[in-house]
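For reference, chains read A, B, C, D and E in written order, and residue numbers begin at 1 within each chain.
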Amino acid sequence: MLEITLFYIAATIALVATVLAMTRANAIHALIYLIVSLLAVAVIFFLIGAPFAAALEIVIYAGAIMVLFVFVIMMLNLGEEGDARERGLLQPKIWAGPALLSLLLFAELLYMISTIEGPVSSQQVTAKEVGLALFGPYVLAVEIAAMLLLAGLVGSYHLGRRYLEREE
Amino acid sequence: MLMVNLILILLVGGVLAMLSERLGETMPRKVALAVVLVDIVYLLSQLSAMPQLTQLQAPVPDDPSTWLMHFKAQWIPAFGINIEFALDGISLLMVMLTLVLGAIAVSSSWTDVTTKQGFFEANLLWTLAGVLGVFMALDLFLFFLFWEVMLIPMYFMIAIWGHENRGYAAMKFFIFTQASGLLMLVATLALVAVNQNATGVWSFSYFDLLHTSMSGQTAHWLMLGFFVAFVVKLPGFPFHTWLPDAHTQAPTAGSVILAGILLKTGAYGLIRFAVPLFPQAALDFSFVAMLLGVAGVVYGAVLAFAQTDFKRLVAYSSVSHMGFVLLGVYAWNELALQGAVMQMVAHGFSTAALFMIAGSLQERLHTRDMREMGGLWQQMPRMGAVAMFFVVASLGLPGLGNFVAEFLVLLGLFQANPWMTAVAALGLITGAIYSLILMQRSFQGEPNARYDSHRLVDFAGREMFTMTVMMVALVALGLYPQPVLDMAQPVLQSLLELTSAGVTP
Amino acid sequence: MDGLNIPLNHILLVSTLLFSIGMLGLMIRRNIIFILMSLEVMLNAAALAFVAAGAHWGQPDGQIIFLLILSVAAAEVAVGLGLVLQVQRRFKTLDMDDANRMRG
Amino acid sequence: MNSSQMMALMPILMLSLTAVVLMIQASIKRDQNVAWWITAAGFLLTIWGAGYARDFTQSVTILLDVDDWGLFFSTLIVFASLVSLILSRESFSREGERKEEYYLLLVLSVLGAVILIQSSHMASLLLGMELMGVALYAMIAFPEKGELPLEAAIKYLVLSACASAMLLFGFALVYAATGDLTYAGIGAEVDVAYGREPLVLVAGSAMILAGLGFKLSVVPFHMWTPDVYQGAPTPVTAFLATVSKGAVFVALSRFYLEAELYQYDTLIAALSVVAVTSMLAGNWLALRQNNIKRLLAYSSIAHFGYLLVALIAISIAQSIAQAQLISDAVTFYLTAYILTTLAAFAVVAQLSGEDDGKSMIGAYDGLFWRHPVQALGLTVALLSFAGIPLTAGFIGKFYLINVAIESQLWFLLVALVLGSAIGIYYYLRFIFAMSKTSATIVKTQPKAAFSGQDVVSIVLLTLVLALGSWPQPFIEFAGRL
Amino acid sequence: MAEMIWLVPLLPLLSSVLLMLGSASFPRLLVAVLGVGSVASAALLTMSIGMDFLADPQPFQMTLWTWMQVGNFSPGIAFYFDGLTLVMMSVITGVGFLIHLFSTEFMEQDSSYARYFAYLNMFVAAMLVLVMADNLLLLYLGWEGVGVCSYLLVGFWYQNSANGQAARKAFVVTRIGDTAMALGLFLLFTELGTLNIQGLVGAANQQWQVGDTLPLIACLLLLGGAVGKSAQLPLHTWLPDAMAGPTPVSALIHAATMVTAGVYLIARTHGLFLLAPTAMMVVAVIGLATSLMAAFTALMQSDIKRILAYSTISQIGYMFLALGVGAWAAGIFHLMTHAFFKALLFLGSGAIIHYLHHEHNIFKMGGLRSKMPVTFWSFMIGSAALAALPMTSGFFSKDQILLQAYQLPGPGPWLWLGGLVGALLTAVYSFRLVFVVFFGEAKTQTEGDTGWRMAVPLVTLCTLSLIGGYFVIPLDQVFPASSGDHPAHWVEYVSISVPLVGVLLAYLIFHSGQLNVSRLVNSSIGQSLRQFWHSGWGIDWLYDVLLVRPYYQLSRIMKGEPVDAVYSLIVALNLTFNHWLAESQTGRMRWYIASMVAGLILLLTLALQIPLEAV
């Protein structure tokens, strides 16, 4: 039962943190909530027997990717004005329609997943198994992912460098 | 190969005409004329060598070997598409009409077109090539190809060298014909699919598709697809509204080709495809079709009368005249069909001539508005006399070709439906009204003071020559139409037999 | 530890909720940085669903896809943030409603 | 992996090699000319590689499935990329020596597309699509100045990522229902899974379709298209319109067929709605558009609507012969579409460059008299789009109508015909503009000199016409794929 | 000579074509020689053929070539010659020649001299074809041909649009009749399988019984054509307006020849009409009614040519009456005599108009007796013949008609009575004309009397008008013989005396003034009746309201092309969709995302539909 309780707690934290992240006016605040949410999801990963995923979630997602955000936010040095502006934009008039759409989407998704039965597997899928699969049948995926990251690298380099050059 | 060569000569000739512009401003039209004449001479020389021509026998519609000429070469075997041309009396007639009017059209563009002559003449020749293809192609895919492709040079002719509102007119012309062409494409493919399901063979050949058996419902829909495409081109009421705009805006040569030849492709299609492919459906539909024909006759005449624009009036008169063709085709007996064929030929000349007169007037007066004309006979008696000739031809004076056509159509129609004939005969009266008002407003009446000060040039040698050719043609058709009738007779005969076999009484 | 008792559809419920919330954020935020964050939330929701499904079937594939999603997210964010810098430079704002030159 | 598998991967290897060589070259001495030649050579090698790999068609791991069909499309999109590359040479003049980054991105993007085409697994689909996409984002935003490219890139990135999320979520649901990630595996499981959890399966598939539909810009996921087409540098737009869309469509058809999504009637119904609305809305949107790039964007919406007809038809195919006809139709139409689009963009790239104002219809007035070759190229392309005989587009439309008739998809047929009829108007508007003869235009003598892009235009124009007037060899070739 | 018969129409035709081609370059003398000479030679040829025929009255047929052959429809360009043809040809070429001759002087000053003769020659050719035709289709050719020539000649002075108006009216109104006739042709061919007149009549008599419906319909349709061409009720309105043409034209076309084509048609197809007694009755009634209506109208006109025009209508009415009562020969006889005296009167009036500076109003003339003696005597003789005073040609022909009408069983006496009233009126209006124009005070200056080219035709026609009644025309073989018995003598006496009474009345009212009718005329009823008659019984007005104006209105409404509205609607619809959709492309990313989400929801909803039921 502990797992289940932990799961619900983690899920609640994740959801609440996400909602908070989405509604903050200050980017750094939002980011921190987002990290909380990601950490909670990592807990869920751990609970459902995916420790490797949980670790990556923390290390790469919450760690690396979110830090990227922080860098950029710092670089842009968004001030108080921006926060005020963001706050002013979160009117019901603006979010009512999208909220309705999201709700509808959620309702439909909810309706269809409600039929799924059965728990997640009892067995843990260990890092070793993942590693074996990764360098077995999925070896090409690793190569392609490398190319993907290369593309991201070149792209961000090209875009970011110009920014820096201009700043000088 | 004759048929392929005829088309190729025109296609290549078009390129030559375009290139010849570098040799001089006036070269293209000379080249174009030469090309058309070469085509005519080539056709005649080949025909004279053909023994069958003197003793035309009825071609069996589904047996190409009985036709005058047949050419077949593989093209897209995956779908059973061939480059298949064949010639029978009606096609030959139409081919000759096309070439003669083509030469006349070139002549009418002699002084009319001043910019980009090379490209103009090229478009003209390409249009002719497309029309020839339509008249000779017996593979439905090839037919459709020519049917569509000839629109493009025609479109350019209107869009580039047309008058003030050319963009609109060209667009309307293209969209009407293209959209209806799509329906025909769908119908063609459906027909082929039906045939393919039944026989397991892909074939677009007319000769194979003639006996496709299908349910009445299917036949009805497919027939409609063809019908709409052809009636738009004809044009029949209520699909005619592109025509007045296109005619009015087109340059003279464009109008000549449009009225003289292009409209005939619609009539030809009806006779060649729409009815024989679906005899029963066509029979069931004939009442509606005839109704449309009658409506076209009367409606075109009433609207022609209302016009103040010379060319527009003539354009509406075409609507009225082509209504007779529709009537003739759907009365579907020998008299009416012969009438329809005659109308195709005679109308080709009479309307082409009227458009040329309109073009000459525009060239001299810089207007087509008849309110700014009047009494032109005084300054240009030759043009007036010529106009009078073609006006009375168009109102159906006996002794001229149009009369023979209309009389035969009505006579045939009377055997099919007397009441319809009575209404259609109203066209004879209304035709007189608009024809004469045309004459009255332009050449007769008080001479317009605007043209007192400057001398208007009357028709000169070149123009009189072309006009004389057409006048002689109309008189010949009116007094001795037998050669034309004889040429069409065997074909019509066999078509009638074919369809009567396909119809359950 | 075993996750025997956690029903799959509950996890999917969480991921669906996360997905919807991310979508909502995407639709209501105008600041490009928040928009990118919302995208991360959505990708993360999908990743969660994958891992859960993988756990459901007891396969490593779910986690592998998670890994790939991670790299996708990283690449996208990298380029995305690069674009953010350019946006700030050229439009002098991060508000996407103001950076709107094309329409019709 | 054995050597035979490596041979099968030849195009991918060649592209990767090109990327690596480009990086090495950049690290030695930055020279955009050399980079261009390396890229061009790489593409040619890839085309050779694709031909070479035809002898080794097989599944390579669970991720990729190399077959003739995929190799053909790989060749085609590499060819399209080559055209885009040639067009790029003159563009981005302001970027100066930095252009080799662009070439690297181009190579990576093509690599993504090739992987996407040959994917047989969700992972490779995801990675291929993202690799293609991420490189594209940067390519779109490549120009150093101007607001439009940046705006386009942002829009494309955000919306595309949103679509990817949808796609992934859909994948996850399908995975949850079937327990397999390979197309074939899903297809094998689908019956069982459908009995167990029909809702999840159908909903997941629908979300996948939404995600892929975004890339194809079919209604209602089409909104981004005009803005991105307009904002992106023209060679990139050409790339996006041909390589990206073509590859995604191939991947979609593969997934659709191998995962046997066609078994769900409701999905077909949903797809039909998408197809019909795309055909109509795309044409309606383009109706009065004055910017040629936006116009081509809208028209592409309609064209993928037409293509969906084939996909729907194959769902209800009755016989092998019919299915063969339909797959031929897809091959032909897609090929014709890609060639035609390239022909159009070849002209647009030369005439409009990166100047948005020059994309307007006014800039095309009297083109016939100024640049006959370009005008002819664009005219043929537009006629091909409109489906006028003698052009490749006509044979494509001929195929599709045939398919619709054989499969008796009357509603779709009506929409197809209606859409085509509406489409004629806006294609003709540009042709009309090009044929205008105002006094000033007529006087200007046509340029005598032949530029490299003229050659591209002529080649493409010839291809479009050849495919339209002598399609038999290609039909036979496509039939063997 | 008979085999040369095709030359008769060909000569004028050739001359016409020549004149048209060379109109600009030919000198006037050549024009005149060609124009007159061709008709003269045609007349001579006719005469010699006629001589042969009279010597051996054998009808013959001559086919030049088959016009067209479609199935069993094979009308030829073929001529048929019998007594009737001979009479018609003689009238056409003879009177035609005289009028051509007259024209050479009359039109001397006109700038379009050659054009005039070209038209006139063409007319003669067409008219000859009409009467010589062996089949109804060729007849129709001539029929329409004369219509066009009439149109051309009425509108000869085209610079005045009123002339054009009149010409068009003439053509269109007759075309209405022609169309009916064409329908008749269709019916006849469809039912009888031929249009050859002789064959047709033969077939009809075999196939149909007297009193059948089909022959009735066919005859009525043919009658429609006849009525139009011969300006009978209800299609007579064009003829008075057609006086806009040069006066010799009126003499030739609108008095002597073309307008009597209807009479010829009915006479030619009498074999058919005999099968339809009702149709014959209709012919008679139309003839009588027209004759009375026109006579009353003629009485009220002041334009010299309009008086003659209405008198022509009235006289043709007599011919129709004759045909209707079966007095075929009498009808044709009257046709001939009428051709003489009406041509005479028209030419006379032409001379007057010519020398009076185009004055048409008779009340502005007067006292011309001494100044233009030739014309005066022409008019005297012409009017006497018109009024059917004894011993003139008109007397013989009209008398025959009235007597045969009387003999018709049933309504005969009533028809006779009506005819008498008409005869009385004829005498009154014709001598009113004479008295007003030639007697009393001179009100205008003349330029002298006619030259020889005018005088010769006038004198010749005077002679013919006087002696024409003694001609024996070879119609016995053509028509069934009439009963031969004579009515009571008092009938004849009354018939003879009525015109004399009319002349007396005219003398009393218009010359001596002893009979003052001004009170009667000025009374309100008299005024309105006068107005009514003057306007031709308001028929023109009626047509204007019923047909002409609605047609103009209709065409004006339709000018904007109502059908196009449908297509405009389609276009507008498309543009609306375009507008809506283009509006949706706001460029705002959030909106784009929202639309995607909405699309996803839509897709899910669609996809989930059936599984909902399956679950």
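The working rule: contacts are C-beta pairs under 8 Å (C-beta built on N, C-alpha and C of every residue); 3 or more make two chains touch, one makes a residue touch a chain.
On a predicted model such as this, the values are computed, not experimentally measured, just so you know.
*Asks:* Chains touching subunit A and subunit C alike, please list them.
*Replies:* Correct list: D, E.
*Asks:* With chain centres defined as mean CA positions, report which chain is farthest from subunit D.
*Replies:* Computed centres place E farthest from subunit D.
*Asks:* So which chain is the furthest away from subunit A, centre to centre on CA atoms?
*Replies:* Max centre-to-centre separation from subunit A belongs to E.
*Asks:* For the chain pairs B-E and C-E, which is connected through the larger number of C-beta pairs in contact?
*Replies:* Of C-E and B-E, it is B-E that has more C-beta pairs in contact.
*Asks:* By CA centroids, point me to the most central chain in this structure.
*Replies:* Ranked by how close its C-alpha centre lies to the overall one, first comes B.
*Asks:* Could you please state the distance in Å, as a whole number, between where the Cα atoms of subunit D are centred and where those of subunit E are centred?
*Replies:* 77
*Asks:* Report the inter-chain centroid distance for subunit B and subunit C in whole angstrom, where each centroid is the mean of the CA atoms.
*Replies:* That gives a centre separation of 65 Å.
*Asks:* Return the distance between the CA-based centres of subunit A and subunit E, expressed in whole Å.
*Replies:* 100
*Asks:* Using the average of all C-alpha atoms in each chain as its centre, how far is it in Å between subunit C and subunit D?
*Replies:* Those two chain centres are 26 Å apart.
*Asks:* Residues of subunit C that touch two or more other chains: which are they?
*Replies:* Answer for subunit C, listing residues that touch two or more other chains: 8, 12, 19, 22-23, 26-30, 35-36, 52, 54, 56-57, 59, 61-62, 64, 68, 72, 75-76, 79, 82-83, 86, 96, 100-104.
*Asks:* Touching at least two other chains at once: which residues of subunit E meet that condition?
*Replies:* 582, 585, 587, 589-590, 593-594, 597-598, 600, 604, 608, 615
*Asks:* Under the stated touch criterion, can you name all the chain pairs that qualify?
*Replies:* A-C, A-D, A-E, B-D, B-E, C-D, C-E, D-E
*Asks:* For the complex, give me every residue of subunit A touching subunit E.
*Replies:* 97-98, 101-102, 104-105, 108-109, 111-112, 115
*Asks:* Touching subunit E in the complex: which residues of subunit C?
*Replies:* 23, 26-30, 35, 96-97, 100-104
*Asks:* Going by the contact rule at the top, pick out the subunit E residues touching subunit B in the complex.
*Replies:* Contact set of subunit E toward subunit B: 20, 23-24, 65-71, 73, 77, 115, 137, 140-141, 143-145, 148, 151-152, 155, 158-161, 164-165, 167-168, 171-172, 175-176, 178-179, 182-183, 185-187, 189-190, 551, 554-556, 558-559, 561, 563-564, 566-567.
*Asks:* Looking at the complex, which residues from subunit D come into contact with subunit C?
*Replies:* These residues of subunit D touch subunit C: 122-123, 126-127, 130, 134, 137-138, 141, 147-148, 150-154, 157-158, 161-162, 164-165, 168-169, 171-173, 175-176, 179, 181, 226-227, 230-231, 289, 294.
*Asks:* Tell me, which parts of subunit E touch subunit D in their complex?
*Replies:* For this pair, the touching residues of subunit E are 574-575, 577-578, 581-582, 584-585, 587, 589, 591-593, 595-596, 598-600, 602-604, 606-611, 614-615.
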